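Below you will find the structure I want to go over with you.
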């Protein structure tokens, strides 16, 4: 009887078996990492806007307070995008006739709102409330990053459920004093002991509920 | 020989069979160039029905499960009925190859191959239903435990999740078991074929099997262990399926004896399906020498035994309802017997309880056409049983204000019939490209028989 | 030339013959040999004094499965994301038994199959023995005994005559 | 938005593509595709008014894109790769905080009367109606109509702009044509005004001005389901028009003469509140429990009849006889009674009433004949109730008149050709006119006819001009409540379409076509407020939602017995036909409201249809069954109607509901049910004998949300009598005692524990909760077909069971919503962990995790879970997106949904409380159903806080768990239903 396969196939066949197994393992690891990558979470893209607006300039250089434009962030679940008249508050004098301001003027004159592009977007079925986070001492930069260093605004955090949970389950580690919430430069004490003491105190002060044996209630965000 | 009266006289193998003849007869069916007319016609019809199934599925996905007869009271219908029915059928194969192997039942050798094939095809159908019956099937993968970005896991207390594990394990093990059994036969086909490509193809699947004694040793041991594992698996799978109901709080579902009841029911319907297939196949391919009346009779006996267990379960159900003194349980049974679905219930009792009693008589067991009819009847009866359990329990539950009715729509039926077509189509393909009978085990049988000093 | 061949192969018509032949060859002190048959013959295994190891793998597989099963469920429902489900405890182990059981079977089963294939060195599409004359009948109705040239006692002439003495149907050389 | 006007020829082209639709309806449908969207996308619709209004009206300018993007909380996650637009205001209105709701006081007008409401708005979009606690007609509660009115505002079928003979026009076109028409009006001869009942002071003054300008012009009023009998009755008794106000909180014994005062009429909410004050016992200590007692005499089985401790089903025409017999028993000198006929029942009632002189009420139904009202007045007077439990007040209406006569007179003149210009404001008379008043034909004789209505309806297509009427949430206005209290209605939103208010129409008639409702209403009050600091008065009044001291004065009136001495009707034994306003569609005005079409009739559980209701005995005699099509023939007018057998209905009588069978209307209401107006006459508009009934042999499919009406001997609704309770307060506990064992240890929940009690003694089955829930939680409407497949989506339903004698059964209501079980069976079986428990004990339903196995639904013993078998929610229609509650996810196809205890409200309250570092106060969180309930039957709160009302109620011996034997530990529990039967008649109960 004659052979139907070439001797080399012995090795190749075995190699293939091994290869497939390997592929499965590596594949799953890669995909695990990939879906969480900045690329997939869109934290790399600085999104263009209809108006050339730079947080870096307004916050970093001019040192404007967040609340100057995001007026309701302490009162409302919805931080709020500044209405045109707020922009005009300054720009009716400052840079009044620079081309960069033109779109704002136009919006004012034509009574047409400016259509900004959403940067930080959570799915419609996830209900996030700014005011409570602000009021309990979660600093803006915790989620929005150092906007004072951003030209075009960029998504700073993955904003995935995993990410939300990890913070909610270690609330004390993210607290800062209420008055530092809007301060982009504020740094917690370097010394861990000091830092812990401070945050423990804040937990007391703001009545942050940290005794929840990891149970995170779904209906807090989904309803 | 088929006319012999004493079952012991009826051999499990026709006369004059040698290693060579066995090999040639069986592999011949596969390796022949000209496909039989009957096969082409049969497969053609089955294929058309598969098209119907695909159409039905398209409509389902496009519009939503609302196209079915479901409502807010009877939230499960045909999909789950068919699921349980198919899983049940999917039990005979592994049972025959595993349990009967452990018990060293020689007569299993000729039927285990296509019984296993049947199992896999049936379970494939079964697996389809739980997925498509969900409202958002494209998210069914959420039931697999993987590290998602929600950091959420499936809910391991849910019987439906147990199903996911039970069914997938069952499919995997059955497939492997089947394939392992096929390896030596692949080698045979490789060696028997004249066409080089054909030999190559079977050669690949044969993995280079060459019948070395040491290989056989590992092989038989592995097969034995697999059988030992598969046996509890078979039992567990349908027990788990029964948990879907037993674990719930629905009167008519919430019963502790459901697992044994379901398992025996599964074996019952499984064997019925094997008989339903074996009779025409052995006729069409003239395999009477391998699938003898002895086989059919033994299967008939098993049907009788399991059938009696099932019938007993029906009676117990009624007894418990009465004995429990629970209003809802009592009402449930009363409603089954006299409610809007009473005809189904009594039909079920007839098919699974009364008709089966005929098998007490050897004459009936030996009467092939009649046996065939009975087997078909049992298939129907077992489907009705699942329908009764699912629908009649749900449609009149605790609060009379929520009582409602359920009836399958065209889309329910088309999908059910479609899966039957799918099943048959796969069987046809199997018969064409794979040895329907395990050749090496048959040769082993020849060997044993020759030692018993019987045939040659 | 004796070095250039894989070994000598003898064809037999009946299982009894090959069993007998193998015994005799064994007694004659041959070790590097293998018998081939269309179906398993237990005597051969004994004669060749071969002990299958597969069962250990299966056991390990089973244990692994059980552990994975419980670990997975415990991690998911107690450590990673505990949820209040119908007021049941986070670690409702009675409910976890089913999945644990299924995984035990699954792992053990996989170990059995792939263990067997592995131990048998499959896939192994090319093997010298396929070169032997009429060897394809091994999967039909013939029985073969091969004595490999690598056996210390192997000698083209003497081994051939020895095989001839076992009244085979035919003795031929197996090219490597 | 003239530039948005449609090019007709272009429309015709598109029309060609559309088929099978009435041509002039399609105009609007097509119109609303592209142009209307565009219109919505602008922040300020072109030509919108009051941009610079000092009173901060800018807040009402709404913002479609942001609004919709928040409202459209669907189940689709946005990945980083599809950027979403986010649009701020141009000028931020100072008091508006995006993301935070605002609440404004206004009034819900119906049939001329107002009910004070508080409107919740999001980004200037009204989304929910709540009751106004300071308003006499509401006291914080609402009714089913008020709840559903929000949908009317956003109804996609609303007409977009004025039309002239089916062609799209604008207001200015109308004004021009009106001007030229007015030229030859002279003194107004032949100029007529037809309105519904008018109580609005502003509108009234405008009409007066109009009548002064055109002295020969006439003003007619017509309400198809109006209160003529009450007016005529008062006239009969007191010699002059007067209104009656009842004080149920002061009444120990109440007799209803065919009056469904608990759920029907302008004061029903208030009356239900007052009545229940005297009926709820669970919140009182066991030793001092007491209940009022209600007797009801009626033909149809109404909610009031169901609440009654004793109910006497007799034909509506026999009620007069009953009243006369009672009067005689009470020693009044009237004829025509037949005390023997009513036997012990009558004696007991009379005795009871006499025993409670000055503390009882005899209340006649608005649908009863005037004489019954007059009799009731006389009886109340004899019992000394007038002045104590019954007040006679000056008419609330601007111009009381017997409307049927006025309407008849108008049509006479029209037929005589004496009417050259007719202005119809609301009411849809072409549809609702009695058969013997041929309004439709008469209308053809009027050259210049103008109709103002909210939809293009039967009347709109017959008149020359049609002006879309602004919804009450779109316009300023004022209206009086049943007791005369005036509310100034403020708009919550810019008119969505080119609609106008009746004030603006009247202004146009007075040559001020550009006057805005705001100027008109504010102008009127500037003169009549009688307050020197008007701006303050205005702000305060708007804020509190009622004008101080505006309630009608009580008048000294003595009812004349002589007036009612002799019988008014000659009663025969022929079969009776009774016409009643539909509890869902009223006189038909709400026919295009999907919520109201699908809310189950609380008694029959019928949806999307009306039927000929008859007693079982009668159906048996005539060998008829549910759904059999019969022809009702009454004075050679006939209509085909399906039979519905209603236990407890009076024998030898048929009741039909008005308002169905609309032919010209939006997509929702067209051809739903049969039109009972087709056999209604002005001679006997409410009931008469002599209807002839023939079976057609055909049957018709009726959709009911409940097909089985008996409790099958199960302990579902536990009920007893006050006596039983007094003797053995524990009787409920004994009835619902079960051994409870569990394989697992008890789970200890932390923090707040939300729970609810439902008082079955209080529930009047009015459905306000059901619709409130629907509005609050974005619950879709599924339509008749789906209901027939038992796929309705209402998160809460009101189960209704009949007990005992078929001819006069005891009927019980049981509101059932998710019971929030601590040992929830649904959670255990969900493989995806899509329904789990929160630490506060809520059974959370996570839509976005649900894959739709429906296992939870099977395993829910209460069957309160509802599955989206199809994509039920309309996510395309722009106006409907504006209506959605932005705080509740809009569910998509294939997911399960259910009651959440209004978790969005709990969360809002929790956040507020946390910000203020305090616990959530009792009563701070009110679920939508609780807030709407006029009977305060539903109480929600924190059950671990002993101080909370819910905790107190759960401690009551009347408290029990539904299906307690299943040991699922529901957080919602029920308070057993108590009745207070008269011992003398108790064998009847």
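Each chain gets a letter, A, B, C and D, in the order it is written, and its residues are counted from 1.
In the analysis below, contacts are C-beta pairs under 8 Å (C-beta built on N, C-alpha and C of every residue); 3 or more make two chains touch, one makes a residue touch a chain.
Given the structure is predicted, the values throughout are model-derived calculations rather than measurements.
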(request) Would you kindly say which chain has the C-alpha centre located farthest from the C-alpha centre of subunit D? (result) C
(request) Count the C-beta pairs in contact for B-C and for A-C, then report the pair with the higher count. (result) B-C
(request) Please report how many Å separate the Cα centroid of subunit B from that of subunit C, as a whole number. (result) 30
(request) Could you tell me the distance, in whole angstrom, between the mean C-alpha positions of subunit A and subunit C? (result) 58
(request) Could you tell me the distance, in whole angstrom, between the mean C-alpha positions of subunit A and subunit B? (result) 53
(message) Centroid from C-alpha atoms only, then distance subunit C to subunit D, rounded to Å. What do you get?
(response) 81
(request) Quick one: which residues in subunit C touch 2 or more of the other chains? (result) 81, 83-86, 88, 92, 123-126, 130, 135-136
(request) Specify, in ascending order, the residues of subunit A that touch 2 or more different other chains. (result) 1, 4-5, 10, 13, 165, 215
(request) Specify, in ascending order, the residues of subunit B that touch 2 or more different other chains. (result) 150-155, 157, 161, 190-191, 203, 207-208
(request) Spell out the part of subunit D that touches subunit B in their complex, as residue ranges. (result) 706-714, 716, 786, 789-792, 797, 799-801, 814, 816, 825, 827-833, 849-855, 857-859, 861-863, 865-871, 893-896, 963, 966, 968
(message) Touching residues of subunit A toward subunit D in the complex: what are they?
(response) 40-42, 45, 47, 71-72, 75-78, 80-86, 107-108, 111-118, 121, 123-127, 129, 131-132, 135-136, 155, 206-207, 209, 212, 215, 217-220, 222-223
(message) Give the list of subunit C residues in touch with subunit A in this complex.
(response) 81-84, 123-126, 130-136
(message) Give the list of subunit B residues in touch with subunit C in this complex.
(response) 18-20, 23-24, 145, 151-157, 161-162, 165-166, 169, 172-173, 176-177, 179-180, 184, 187-188, 190-192, 203-204, 207-222, 225-226, 229-230, 232-233, 236, 240, 243, 440-441, 443-444, 447
(request) Can you check the complex and tell me which residues of subunit B touch subunit A? (result) 147, 149-152, 190-191, 196, 199-200, 203, 207-208
